[in-house]
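One chain, subunit A, links the two complexes that follow: it is found with subunit B in the first and with subunit C in the second.
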Partner chain A sequence: MTPPDTVKQSRQMQDDGPAAPPLPQAAAETLPGGTSARISLFRDNPLVRWLMDNPIWGFVLIVFVFFSFASEHFFEFSNVQNILVQTSTIGLIALGMTLVMINGNIDLSVGATLALAAAFAVDVQSWAVFASWGNWQILPAVCLALLVGIALGALNGFIVWKTGVDAFIVTLGAMLGIRGLVFVYTGEQSFYAMNFAYSDFSVVSVGPLPVLALIFLLCTLAVHLLLSRTVHGRNTYAVGGNREAAVNAGIRVGPHMMINFMIIGFFAALSGVLLSTQMGAATPNLGRDYELWVITAVVLGGTKLTGGKGDIIGTFGGVLAIGILRNGMNLMQVPAFYVYVILGGILIAVLFLDKRFNRTANGGLRL
Partner chain B sequence: MTDALQRETTAPALRLAGIVKTFPGVRALDGVDFEVMPGEVHALLGENGAGKSTLMKVLAGMYQPDEGRIVIGGREVRMTTPLEAKEQGVVLIHQELSLVPEMTAAENIYLGELPRKSFGRVDWRTLHARSDAILERLRCKFRSEAVVAQLSIANQQMVEIARALTVDARVVVFDEPTASLTDAEKVVLFDIINDLKAQGVGIVYISHRMDEIFTLSDRITVLRDGQYRGTLETALTNEDEVTRLMIGRSLDLSRDTTPVKVGETVLAVRNLTCEPHFEDVSFSVRAGEVVGFYGLVGAGRTAIAEALFGLRDCASGTILIDGKEVSIGSPERAIGMGISLVPENRKEQGLVLQMSCRDNMTLPQVQDLTAGPFVSSGAEIAIFDQYRDRLAIKTPSWRQPAGVLSGGNQQKIVIGKWLSMQPRVLIVDEPTRGIDVGSKSEIHTLLRELAAQGYAVIVISSEMPEILRVSDRIVAMYHGRITREFTAAEVTEDSLVQAISGVAATAEA
Partner chain C sequence: MLLDRLKAGGPAIARQGILIAFIVFMIAFTFMSDRFMTADNLMSVFRQSAIIGVMALGVTIVVIGGNLDLSVGSMLSFATVLVVDLHDKIGPELAIPAMLLATLCLGAVNGFLVGILRLNSLIVTLGMLSVIQGLVLIYSGGQNVDIADQQGTWFAVFGRGAVFGIATPIVIFGAMALFFHVIMTTTPFGRRVYAVGGNPTASTFSGIPRSRVVFATYLISALCVGVAAIMLGSRVMGSQNNVGQGYELQVLAAVILGGTSLLGGAGSVLRTVLGVLMLAFIQNGLILMGQPYYTQWLVTWAVIIVAVWLDVAAKRGRLLSPIA
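Here is the complex of A and B:
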């Protein structure tokens, strides 16, 4: 009787003779049992792949079609314009939030920054020094408001950089503190824009596009190019993906993160200015909960809270998804509170699907 | 032969037969057979990607095989979770420690199955009594009340092993258990493995280190490309045969002896001190030579590399490049001076795993590859292609995320990243950690070639064969001090071991 080892030895000899067949890349397709082959063919379709990487756009498509049938006014050009204008506020901040979150940080202070910038924009126009400037008095007011946003962002970034305290904590503190400053500055009162040119701005159109929508779309394009094509964008992914490797590649991580906080501060302030032109006023409670809407949009768009992954195309999808849902349900006269319930559910559902796709695709473990 | 006869009469503790496991696009295991006898150490060998980890995950119930049978103690079983596998007596000791650092050793040992009293309260007394008994069996010197975070890495590993022994283990799988252990700690581990063996437990031992495998194992099974390549009696084989099975060809392990033209001193370090990591360190590196730093883990070798790369500030001492004193201060400036560092741990310190191979390779110089405001994709691809060919990096496309490549190819990406910057000094910390033998030899050859091309190369390694193979000069370190410097001609294994274990140092004092 042959001991088991010798049997194996001889088997090994046989195996070593002819070269083992190489593992074909698409081995799954040649396997018996056609389902896996079909699934893999399905997955090789570039459009399917793209939708699996960006599940939010599939969702945008579905809700768009749904509301087009469900509501007679939804599928009208004026309504599409509406959606873009309505979403421009959270959309602009979401652009900055995408950068900050890919960096592995977060900024909770955007709502408060928005309110402070709006208060400045409306109040400064009525300062006595600018009384004789006519419509030009708007210019220093808006510039100052934007500078306030950038400065607050720089402060957040500087603290994160120098203290090493988690951005969540730093900006949570900033959110409370800045909101307090808003109340101090406004004395709990709303400011009203006395110059009507200011509030008229929000109804201006450039060609077929309302100016607010145009600003949003241009900023989206600009940040998309910044993130996908520039050195700063590349470093944003590197710092969020592996901070240590980024340091070892000579990237100055602290100043880099500070720039992204300044960018989001700018967008929060810009958003505040545009919102106050729509209302012709700045209220101390402006922008409450905006940080949550913005983070929802960015996360829906596939950006990871842990950093290193995400893009503007996804964020744009996330912003549109929220905009379409709010607008469509409003047109169908669904009470506003249900919108919150449904959005909350969708947020979890989309992330669940994302996790499923990514897990099965990587042959990942059940952890 | 008596062993073989005995094995025939007893049933295997574990038998895997014809295991097939496929993932989308890849057949990870293709009809693999594997068995472990009670009281046997069975080594499992294969290059990275050969399917060892997948096979062990099948064994531990983390993956379900598509085909094939798992027989434990004569009964065919199906296991769908790691807990079920453990109930069957199969336990896996992971390569990476998976402990909860804030908890005590006892809580970690019984994690998920703490003994209970009424109302679900934890039975602390039983917990500690049982844990202490297990730790004693492992001859550990710490108590089960110790908090894991405060234990040394070796003791943490003991806790991980203790975890395996809460059940009556039939089969214990060790996956690269010595990766983070010092030589002394290894000896303790091997004792424990031999104890378990004597108690009739079947051991599966996975490692890249041939010396360990030949010291410990009774039999060796080799996998290649997911396929079973054969099982050998350790006593009747040698490293060469095993290597051939593993990579399908023989390895040239000899040292490249072609004389190299050694040039001017590029980097000189004088009396550099950085407490508590190293003190009064002086050495120099010339263009065209490889200087190896050898010593135990924690001897201060990596800290010197970090200081040279601007990651650490030094209290005193000078660093000279081309004879001029420099102050480094940050990695950015180090890179500017032509110093580059391939770090010890490529996944955590060297690569952004989600980013593409190309983006990883051009990361430190991307600011110089712009066309107008944008990064020039063409320039990046040109660099990537050049170094992919030069270093023989195997990847289907530059778009591939770096995280999916094998260890050897990942390391080549990190090396390529720095070569493309045309550095003067290349510091490579543990060039082949966790890399399979085939790629290992390629990287050794590469390091020799780089020196021949005029780079000043510093290699830090904990593996003596590696240091001996690549270095022109060897700097031995012990407790933060340089104890001796050898030339390749004069060095012997004995003198090197003495130099790094403090023997020479105490003799002098």
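Here is the complex of A and C:
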């Protein structure tokens, strides 16, 4: 759900100058030949409108169709399951990153948090204190790992709130520091899960859907509802759109941003736990560069870096786009090198197209 | 009375925070290890910091211009692999200019996208990071590259040689730092970079060609990466194809520690040198104290937060942020 038009208009005026008045519909219909009428009808189609607002889904459709024809194994249900499971790692973090970026912040420390949570989850299972719990050892381990993620997120949020230092710098430092914590905790070793129930979890299916994909889809739905239907979600847009106005409107901006950092910390930890169930292990270098992929997915989905705009549907599309590209190219046996080039190129292209098509007939100084 | 004087002088002292922290660390490390304050050790630290240092010089100029450059890490991989690979194919005399030209082309792409198309520099350089990494992998075919005849080539002088008894990387780093400092402080170009970073609209109204200035900053950054690649390739006489991975964040940390604001318009090349040395001395001091190498990241985390916090607090006059 996009923010109300007044907020959108005021942001437009902030960025580009006063918007051009919309063309009156009557003029379009009375033009001879009927071409303009057909174009205006085309634009009135709600589906087309939606696609123009969320272009990433058009891209997802195109690649999906392309790979369905280009590779014989792509258009199978098991492959769709694969894609969902493979993208769930980045996808879960991207949900939290969307919230943080709509807030006008960013979180570069998610990869390191993922690694620390994975290390906790795998290691705590083997603590002596839980030795007699049998399979229930997993529960405190996972809970502790998630708590670690939330705590680190809270720390980041608290520092951003109280010191006023930009989130980029705070989380840059946190990324280095938390990675240091990972190495301190693991002693540069990899941890292996002794309990097979833990690594078997990753292949469990609930009906037709693997449980990892189910968790990802449920979380997507939950965060979408959070962002679009709750007060917290509306405040997220407000704080990101205009922080001073949000402060003046009585929103407690500091705790609000801290909560969003805790949410992304939770998702980073959850992603780390689920990744370690897939691997059956936790390595100290896990999650390196994940934050870059997450940011790529979120920006592809239409979230603006400056804040105030974006939604979960778009992020989900961005995540799927990356997943489909990687999966499809894998199936076509394209060397992995090309994926980097293509994804980077798409990111830049999306940025360029977004700038091009969102500069409607506005004035604005061409500097 | 004294308290009032201290409070009034507080912000001024906090602005010099990084310098004070640097001095404090140096003194602390001198006490904690007797090998720290030796000429050998200091020279070794200077030499090791040269590669990140040279890259940080270029990134500082980009940041002063109001943008970011996250692609320097993979650009370093690209340039190092290229110069090492071409060294054996066409000889070092041609390999170096060829590599510099290729790196400048990449910098030109960055400059075009950010300067002329006015796209967001964080995302563009993030995308370029990915693209360049892919290009390196495609070029090298996933292999690492080595120089065949490692003893007999004069290429070694950059990474392993010495000029007047001082290691070459130090000389290069120092010379470039001075050079860029002079450019940024005395020439019209330097002043234009500060203007564009500080207030893009006003600078355009003043007649400064904003696109060209930003384009030039990215060329400078690419040039610095090229020089760093020469030093790195020469030192190691070979290269992994992802050698530069993660460098961009260390470089950024050094720039931030040096007091340059990520918003642009302020900062100094010499202070970045201080930031680079600070990071290098933290690593060195902790190692000499017997700490495992990853402890430096914890210390760096704390130092970055505290240093930037004090700087921000000094500018707004209050220690804690006013938002509720």
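Rule of thumb we're sticking to: the second predicted complex is superposed on the first by the 318 of 367 C-alpha atoms of A that agree within 3 Å, B and C clash if a C-alpha of one lies under 4 Å from a C-alpha of the other, contacts with A are read in each partner's own complex, and residues count from 1 in each chain.
As a convention for this text, contacts are C-beta pairs under 8 Å (C-beta built on N, C-alpha and C of every residue); 3 or more make two chains touch, one makes a residue touch a chain.
All figures in this text were calculated on a predicted structure; none of them were measured in a lab.
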> Is A:Leu218 touching the first partner subunit B, the second partner subunit C, both, or neither of them?
Replying inline: neither
> So, does A:Leu347 touch the first partner subunit B, the second partner subunit C, both, or neither?
Replying inline: second
>> Contacts for A:Val247 in the overlay, against subunit B (first) and subunit C (second): which applies, first, second, both or neither?
In response: both
> Which partner does A:Ala131 reach: the first (subunit B), the second (subunit C), both, or neither?
Replying inline: neither
>> After the superposition on A, what does A:Leu139 contact: first (subunit B), second (subunit C), both or neither?
In response: neither
>> Quick check for you: in the superposed arrangement, does A:Thr296 touch first (subunit B), second (subunit C), both or neither?
In response: second
>> Looking at A:Arg288 after the superposition, I want to know if it touches subunit B, subunit C, both of them or none. Which is it: first, second, both, neither?
In response: second
> In the superposed arrangement, which partner chain does A:Tyr237 touch: subunit B (first), subunit C (second), both, or neither?
Replying inline: first
> Residues on subunit A in contact with subunit B in one complex and with subunit C in the other?
Replying inline: 247, 252, 365
> If you look only at subunit A, which of its residues touch subunit B in the complex?
Replying inline: 1, 3-5, 8-9, 11-12, 15-16, 20, 22-23, 25-28, 31, 36, 39-40, 43, 225, 229-231, 234-235, 237-238, 241-242, 244-252, 308-309, 360-361, 363, 365-366
> Tell me, which parts of subunit B touch subunit A in their complex?
Replying inline: 4-5, 7-8, 22-27, 33, 35, 57, 62, 219, 224-233, 245, 309, 311, 330-332, 334-336, 341, 343, 348-355, 359, 363-364, 366-367, 370, 373-375, 396, 417
>> Show me the residue ranges of subunit A that touch subunit C in the complex, using the header's touch definition.
In response: 108, 159, 161-166, 168-170, 172-181, 183-184, 188, 243, 247, 252-254, 288-289, 292, 295-296, 299, 305, 335-348, 351-352, 355, 365, 367
> Quick one: in the complex, what on subunit C touches subunit A?
Replying inline: 113, 117-120, 122-124, 126-135, 137-138, 142, 200-201, 204, 210, 245-246, 249, 252-253, 256, 262, 292, 294-298, 300-302, 304-305, 308-309, 312-313, 316, 320-324
